[in-house]
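Comments concern the structure below.
Read from first to last, the chains carry the letters A, B, C and D; within each, the first residue is number 1.
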């Protein structure tokens, strides 16, 4: 079972509890907050059995025929880990990588929400597994990478694409919101990924940034501080890890991305499958010609005007 | 009395205590660490009385004559707060601002260490006061600015120049070191400064960065993540506060700065008094022509090759 | 015949003649210099006939078998124009694009020098043609694009990769060398390419830059001024042409590129075929996710330390 | 006499004549255009004599009393050369430098237009002289600096602030307009200034840029190409000349500047006198703490939204 009990926790009380508090004890203070316990949960690869009645036979046929062409070209690509699997980019990247032959490991706070995606990929003949992981907790991230390596092997490609944004003027931003933006997660994930990859001197780490990685816009403190910091991380990592065989790249998405809620006639969006292709291209670069940073936006968008 | 008891605390035990810990309590976890209690302590302005025997009469004469010329031009400039007063730049800035007529408020973790500087400034005819403050604790920073405004008035100029750097390859950096680099302090100080200044639509906030504000060099993760984040803060603050009358500026020091330990023949250093002048120039800019970012380095240095 | 008579012109006299001169005629001056006449010459597509004895039969077999796999996947990709075809990157890009199914048009000052390359591509089953063109002369560039469109059709992809560099300290740089760096060529080529592409609202223009596109290093005036200017051109073009369906991208090569003279054990070089792939990836991006700028360098190189 | 005969030349004919033309002569081509002959003309320093009736006595009194305070602090500052003296920034800078004690040398295409300014400065007790010079002609710039050094001495400060902008989409920009943007002038002026200053290992060269130095906006090709190139020049010069004692700095004016035509209630403009102060501050920096680049804009403007 991989449900997190805290999902049913009242949201308002939760907000109160997760705030940093401080208790002064003479010359020392105890600084503390409460967090949801996110144990790393597995949801191991499975090939669903259509006879089991888990899925409608017609839907299955449709999916199968749609994915036939891709399958024929499918190679053994090894393990790809995606940390932060949102409904737009995360889903598209998972499908793209699975279609390309990767064994896709998906990690999110709540692994249950990834069940449908794992099922879809599996039905199309791909390999996928979901893990619950809190990317901002060191132990959780370490446990994730230990499990992944044990279950699937050392990852070849790790993509970090968690983003959270609470708008607000600087004078109104609370400390908790400020720290939320600090992207400890990208550090923890990149560090663990690097530690797994280094013995083989091989692998790709992609950090996904946004317009706020480049410009600190009014009202975007909480996003920009974290995204600037992540860009620093990407630069340091590239200089430290490229010479040891690990390709670290920073993708700056200066775009809104379509998902199920996007109105069909709203053209100024990036199709997440196309951004997924950019990530795949970076992974496929031979080491004689690696890219460290590339931006992406749709043709009909203004430059550097997004979050 | 403004001694912090924790100063006498054994360093090894302290290192252990200040590490983040986590206690899992069913669906919740308690995340905690211990911190030194830094109460904001005052060290109010005082004009030392030479007759009191607090200072040698000869030394006094020397200082007085040296500062005579500056004094004659001294204007009423209002209150300037310096958060982070190191032996190089912090001291020089304090002297420069005091000579220029500012009432200088110095804030550091340990106010006692600022006593000598307060005394020097006072003897030269300037006004200075020292406060103990932990810039990374929200309550401490809030208390500092409340006290300063109550004791001296709303600050006209606030300079944040705390920097700490623990070198290390990314794969070896610990979470505590990573978070140490995150410069929560510059956010807390800038936010409090802005809140005090906004009702008067006037004031200058200067954030001091370094080479690592612009480039993520190998081995500099902990510095670069914080400095990139601080630059994001400076950009957001400028866009939010300039139109409300507050001048926010980012000074990038791409230099080593001389202090007492610098060998006299090591010329490739910036004189901190000259950097202090850059800060003063920024503060004096009329609002029709404000600068948001300027770099500083000595004439005989390579560009962008420092920390 | 497409030999340029001026090739046999003595170099020293030529140097004298191509310098700007000025003749004052009362209130007016005549400013002039001499240039080689570069007429746009064609070298139209041809499939060499092995029976003709133009090429050794064994060599032909080797080339054919080597290119067999690529050929089977070859699609109709349309016309690609490469302006500036050096022995490293230019040759590799020509081969890569031809293998991928493009009809490759090569343009250089001296079309004769491209004969061998056209022959190689043709023998491998690809399509190629060479044109002589002086990219710095407006009439020459206009004539090139008229001919190309008439002979082959509107280009789908145009790559500008001319680079010339004369090192020297600013105080010693002569005006002619300074102007040589100004890359009028990238403007002329991009403008003509855009004019051809706009009626179809389709096409890709790639401008190839270098480290000196980003940093003005000591001794690199002549290169940096032109490369900075070309980056400005790329930014303006992207903002003007993306919304009209033309993908403009800037590739920053922060690397030395291998060619025939590169010692085999000198590893810190980019393989030009790998950089060619980056160009091809940019061309293949769907318009919902276009990249405007990407850097490329080998894994074992220092960042931003090249020309 | 310092009138240029060509001033009376019909504008339409002139436009035709100054276009580049090409005459093919067998293997060679003659590339040529006509230019106005701009001889470097002097307008040497003079202290106007009020008794001569050249100026109204009342006006004189007003100007004198207004400038009294400044005069009392006036030091000997040496020679400052301003190349490009527009009605906004150029005039303000000339006044500011003269008030500060510099002997101000003004250079523009048409020295006659500077007569009024020279007179104003002289009446206020300052020293000024005007020279006619075409900054885009090598001989003209060389002659200017020879004359200035002979007449006044080696310049301590040289400011280049010529800007010309012809808006237009890239596909419509003509070669002449493109080349006009290339700012050969800033190279010629900086090179001559450096050659004069180097023997004394002393001096400041300030290149004035704009928003288009940093971003290539739609419609701004002609401006951006030149301004990006000038920024490259500034970066190269700084790395080459700082270690030899010459301070080179780049000032990015991201602002509209007020002049006589600016409506009084249009507040979002920079006062040119305030920008002049930024230039003066740069010149006064001691060599242990030099700035290479600083931006300037008014408090109530959007960032990076100008030409």
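Heads up, the rule we're going with is that a contact is a pair of C-beta atoms (placed from the backbone, for glycine too) under 8 Å apart; a residue touches a chain by one contact, two chains touch by 3 or more.
As the structure is a prediction and not an experimental result, all values here were calculated from the model.
The chains that touch both subunit A and subunit D are B, C. Farthest chain from subunit D, judged by C-alpha centroids: A.
Taking each chain's centre as the average of its CA atoms, subunit A and subunit C sit 39 Å apart. Our note on geometry: subunit C versus subunit D, Cα centroid distance of 37 Å, whole angstroms.
Subunit B and subunit C have centres, each the mean of its CA atoms, that are 52 Å apart.
The multi-chain contact residues of subunit D, meaning those touching 2 or more other chains, are 239. Under the contact rule defined at the top, the touching pairs of chains are A-B, A-C, B-D, C-D. Contact residues on subunit B toward subunit D in their complex (touch as defined above): 238-239, 242-243, 245, 247, 255, 269-271, 274-275, 277-278, 281, 285-300, 303. Chain contact summary for the complex, subunit C toward subunit D: residues 4-6, 9, 17, 22, 24-37, 137-139, 169-171, 173, 175, 178-179, 182, 184, 187-188, 190-191, 194-195, 198, 212, 215-221, 224-229, 231-237, 239-241.
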